[in-house]
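Consider the two complexes below, in which chain A is the common component and chain B and chain C are the respective partners.
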Partner chain A sequence: MKNMESLRTQCALQGALSAANAIGGVIPVVHSTAGCAYQNYLAGGLANGGQGAGLAGGLAVPSTNIVEKHVVFGGSARLREQLKNAVKVFEGKLFLVLSGCTPNLVGDDSKAMVEEIETQGYPAAYVQASGFHGSAYTGYELAVRSLVDFASKKTASPLTTVKGLINIFGIVPGQDTFWQGELLSLSREFSAAGLILNPLFGFNQTVENWKNIPHASLNLSLSTWGSGIVEYLKEKFGTPALKRSFVPVGAEDTKQLLLDIAGKLNFDEKQINNHAEKKEQEADYFISQFAEAYFNFNFQTDFSIAGPLSQAVGISRFLAYNLGFTPKTIIITDAPQLKDEPIGDILPHIDTKVNVFFTEDGNEISGLLKKGNPGLILGSTIDRITAEEKGAAHLSISLPVSDRIVLNRGYAGYSGALNLIEDIGTVLLKRRTQK
Partner chain B sequence: MAKKATHIAIYGKGGIGKSTTTSNISAALAVMGYRVIQVGCDPKSDSTSTLRNGDFLPTVLDTVREQSQLKIEDISKVGFAGVLCVEAGGPLPGVGCAGRGINSAITLLTEMKVFEEFKADIVLYDVLGDVVCGGFAVPIRNGLTNRIYVVSSQDFMAIYAANNLFKCVAKYANSGGALLGGVIGNNLYGSHAEELITDFTQKTNSAIIDFVPKSLVISQAELHGKTAVEAYPDSKEAQKYRDIAKKIISDETVTTPNPMDGLALRDWARGWGDKILKERTNAVFTI
Partner chain C sequence: MPSLPSRIIAIAERRLGSIDAYYGPVQPLIDGYRDGQFFAQRIRTLSQTKGDEITVILQMLHQIKNTVTVVHGARGCAAMQNYLESYDGHGSPVFSTNLTEDNSIMGAEEVLRKTILAAVERHKPEAVFVVTTPIVAINNDDVQTVAADLGEELNIPVVPIYADGFKSKTSANGYDIAYHSIAGFLTAEKRATDKKLVNIISSDGSEEDVHKIAELVTSIGLNPNIFPRFGLLSAIRNSSNAVATIGLKPDSRVIGEFLEKERQVPYYLLEQPVGPEATSRWLGEITGKTGNKSEALEFIKSREKKKFDELVADPDTNLSGRKIYISGDIYTAIALAGLVKEFGGSVTGLSIANIDKNSVALLDENYKKNGWPFNIHIGDGQVFEQANILSRDTPDVYLGAAGQAVHAARLGIPSVNYAPMPLYGYDASIKLIRAIVRACSNRSFVEKLGSYTSVYNRSSWFGKNPNWYIKQEVG
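Up next, the complex of A and B:
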């Protein structure tokens, strides 16, 4: 296997931990060495738009911090002790044990410890989230499955289906910097179109929302990383699934997604079209306000982008189709397994040749971004150096994001596209004034 | 300057007689006047029991779990003829990591300067079973031991385990790992045992140290909680162990073994199987 440097994806434990932290009432209990929980504070928090705190997040994550004797003799007893402490300190609706590399290598029986604390009346579940098992995206998937299993046991029966209720998966907290903004934005769009989105993560989301999963009439996945989950739910509850590989940005893709959902649910398309029309008018109004600046400042530019597939494709499509920007290079950083899959239809009807690469390697990404001298580079904060070298404008849109604070900002949907115009416009303007 | 002890690791398939062999060699060396430490590297912690009449000996890992400041006397016992007995210990079956345990125990013994303070001439590590993961290879790696010896009977599974150990030795041979002193044939029976093991060593660039036949004397001594060297010093078995001990302490010749790959080993074993069967069949017809 090739050696890689400056990776942008955290490990599975971090993905699971970020997922746990993004649900109200879930108290993660990390069963691993001391640095593991701290890593999430750094990469999933400080280098992720300044997020990651919370009741039992940031530096307050309960952790067993195991040492050598727990490796040699097993660390189950240490986990038992930590769980006993955690339930005294936190009033949790779910204590989610996340076991890391070492306990899983030496075969600690985390499950038994979880069952033990459950018999004492505390809600608990566990995720075997070995860092070596995969990336943060894998950790997210593992955590979601465990959360689904836990919450669905407590779902009120009968399992009636609520028309228009949609669970959404594939937008990954702690790894997708704009996860909260995307979920809020899509919730608003769905609600205005007469649908009900169950975002499951972020503001106002608790274990209660997870209990509603079986009532949904559709499970929606907006990235590769939600595909397995919606299939799992299809098998478990018989809920239909809709899989899309990217988060929609702007009018066309958002409308198309809503229409696809309507088709799947036999939902009245008229309501979708009415909503879309209103939102398009709103977007057109603001974009026309910006038209003068667009031409005056000569904003139209070519661009290269590095980020996870769901984000890179959604943003590229909006920039290419709606703003008339020219895509040069698209680097997909999260899904090397898609390397051999045809992705030619990501950006159809584009005249220029778009180079698509799949790599996580920092050095390789830097080299690819430099090629073609794009006027705008969208990537991580690491890529700012490359952009500065080449005199390109730069905007951090993918992890690590350590040069901007991102709270509820997102690029999904109609309003998200306006955010994107503002952010890109600002960095282009800044570069212009610096020159 | 403190003298440097010779460190020897003894490996072999589980149940092949490593502890018996190691303890008898320790006993023989001690009788010859050497200062000997035997470190049992097995969570079962019964390597040194025949050197100390089966007395209770707390293991290094159990002791370190209970107390932070360790002294040599907390984790060792002086056994027959002054052999210092140490058991690394390890987790309960199915829990924790025994490989890491061995690593951790040996590091601790080194940090405590047990070998220097005891003024050991030779340290024998009796390492459990097959080398199933990196942890069990610790005594081979990083120059911890001067050379290793493999105990094997003529049974295919014992040879198979020896061949695996050779792979491990060969892997670390170029990075400061211990090389192979040779093979000690043990618990041998039947007419082809010595010939078969000799053939294996010739095929794999390894040496024969000696052959120890299956023996009631050794078993009897063990049932009394003693080595043959202690219980029956005048027996031919005790003499055999003294010969092996002398060879181990005085002959520093080592080789980098050239293990067979899976298919070659299978074909080699089949060849021997066919040969033995043929001779026995002929013998029956002759009768």
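Up next, the complex of A and C:
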């Protein structure tokens, strides 16, 4: 048996709820038992860099809190009543119903209730996201599809395309700790390179941004969890898709991604190269400064990492190819289906064979991290105990994160890599002073 | 072997007439529970999320040493272990059977069996708790048989805790379910009464508070036997030999009454020792109830009185003129109200998670004693109702438990979350008093928050009565 102890990922309902909470004006209406949304708040809001869950998140999430009589006699009427009242109390541009295990097992017709409130003139959509349907990443996929369908209902035909507009998928709110920072950082990088990123989640993102989805020139996926979505959009709107399995960290991978996009869009590569050159000069300037501490305090080390594939690979590539760190063990905690890129093609191999494991079982992760005896462990806050036991430096980068506050910090792109250098340098220094 | 007559315990609504929805004067509640009657059940036609039986049980089991917990359900039913493990730390391992759609249809007894075996192999626990969830309640897995078989095979207690997640509206019912199983599976027969041994039931709260309780009990010459949180299974087994069981909240009632009835250990639910006055009273009651006289007690009282007089003379620890709204479970809220009064402040409103036939007297007594003119709000969370109430009569400070304080702060009200703070004993609550004074003296952050966009339609919702969506249940 696999993946049993200390699971790091929430359920599909909770993933869909985190996605809903990350869009301005969306009021999630959970149709399930009382604790479902509350556990999402504890695990995905507080134990994820203390980000919370937005204005309509946490204890504010409308939830039908169904009880036994709804299991026996059905809970559709309870959902109808909840929706009818929620639209009067909450300021919402979209009421997104998320139905969990219990109503789905007893056969509640949540969809009909949503259609009913829509006929009354209130914007509403529905996601069937039972916890048993899978992990929070599956919930993200389900929510995105529903939101796409809702936002594109009134899209005029024929479609107009905005040159350089790119929708981005696969960076998952509530699960990927740095999701806000990654989206902000990539938006800035893309904008400076002459492209327009449509991040869809986070700061300033509302249902209006989702309505632009059909007009994009390209749909970009930066993890396997966006892969199915961009295929869906290709089928639905004919928009080209670009799929990568990891978030780019640092100059090389960021530039390569931008060039790949330019290739797909027949975009002027010169603009990309000019942008890259400027950003690389800036990064080189600071990396050169970092060399002082690096060599004075002997920062070069081997490392092990545990996190979702897109992040673990992105960070590992930067550390291996740019900072001279040696990867020992890479543990993928979101257990994705690697359809797009063979794992061997994207992982770094620097003078040693890196060990790759797929598990989110906390006990297994702890054992694997211990085995390698790395000098640096990047993982969850729970892995700090393992790092302390082994005398390794430790940085929390993946769920659960409860020893640092993460708001708009990210590791993606050019500037993100400098954040990563600062954070890793800091923990390496701390380990030195603690010895 | 289990010595309880039934596998499950009736829900709090049926046993105790527990309600979790009400806003209005306190007198109808008092009248509703008179003469053994139950106050008529209320329902919400609009509700927000809150903890449930499962969340209550998981936070409790997580801190029972040398055990493992298996949550038999979808992975989300155990999601909060990420929070528990990373913030509380060093708790007992939590496993999930991580049920799939196929399991929900075809049953998952074999998955449960394998998970328990793996958990035992890994951690060699003294006991395994199996917490059931909605999927299991619906697909009717035979958890009892799996637990019984494995208990025999592994020669350790495998304790099923039947938390369906939808049986009761009252999350505190989770304590009752858990204690029902703990009583049946983990207590032992009485050997002989130890006249110095006092059971202290620790269902929630911080480790610091538990240590403080132990210190207080020890200071009057008694030996504390603390369980389940931060305790060992041996403490549960030894509980039958204690001279008394002291509960700090009504959540201790099921285990306390079991020990009283089945093991002849008297059970006392005492008001919490929060602040100097309540702590002296608490210690006095324990010495009285256990028949142990303590010469040290008078000395302690007099020493602490001197300290208290110095504290209230200091403006940093004086609440004079402060109007305070309190939200929490009834025993904690009443204890905090006493503390506020002791330090010179006044209470302007109360939100209580739930109330039942046993706790209504405490409410009655305190309303009468303090002459509180305000309505009582009964609701676990339900921050939209609290927002409405708070918009009418803005307090100087809102005191709330985890997850609630931020919502009051978003209205521009200085707020303090008391949940992570030590509360018990003579001086622990000074931190809370200082936090209240600090919150009043620098309002810059909450004023900023209050100026931000609200999630509520203020003109529509705040114009309605806060009880607009609370209805008497029919049928």
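Rule of thumb we're sticking to: the second predicted complex is superposed on the first by the 417 of 435 C-alpha atoms of A that agree within 3 Å, B and C clash if a C-alpha of one lies under 4 Å from a C-alpha of the other, contacts with A are read in each partner's own complex, and residues count from 1 in each chain.
As a working rule, a contact is a pair of C-beta atoms (placed from the backbone, for glycine too) under 8 Å apart; a residue touches a chain by one contact, two chains touch by 3 or more.
Just so you know, these numbers come straight off a predicted model, no measurement behind them.
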item	value
Partner chain in contact with A:N65 - chain B first, chain C second, else both or neither	second
Dominant toucher of chain A (residue count), chain B or chain C	C
Partner chain(s) touched by A:T381 [first = chain B, second = chain C, both, neither]	second
Chain B versus chain C as contact partner of A:S130, first or second or both or neither	second
Touching partner for A:F73 - first (chain B), second (chain C), both, neither	first
Touched partner set for A:G107, first chain B, second chain C, both or neither	first
Shared contact residues on chain A - chain B and chain C	68, 70-71, 105-106
Chain C residues touching chain A - in the complex, by the definition given at the top	44-55, 73-83, 85-87, 93-101, 103-104, 111, 114-115, 118-119, 122, 134-135, 137-139, 164-169, 171, 381, 383-384, 403-404, 406-407, 410, 453-457, 460-461, 469
Residues of chain B touching chain A in the complex	61, 64-65, 90-92, 94-98, 100-101, 104
Of all residues in chain A, those that touch chain B in their complex	68-76, 105-107
Residue ranges of chain A in contact with chain C within the complex	1, 3-14, 27, 30, 33-44, 46-47, 52, 55-56, 58-68, 70-71, 81-82, 85-86, 88-91, 100-102, 105-106, 130-135, 362-363, 380-382, 399-403
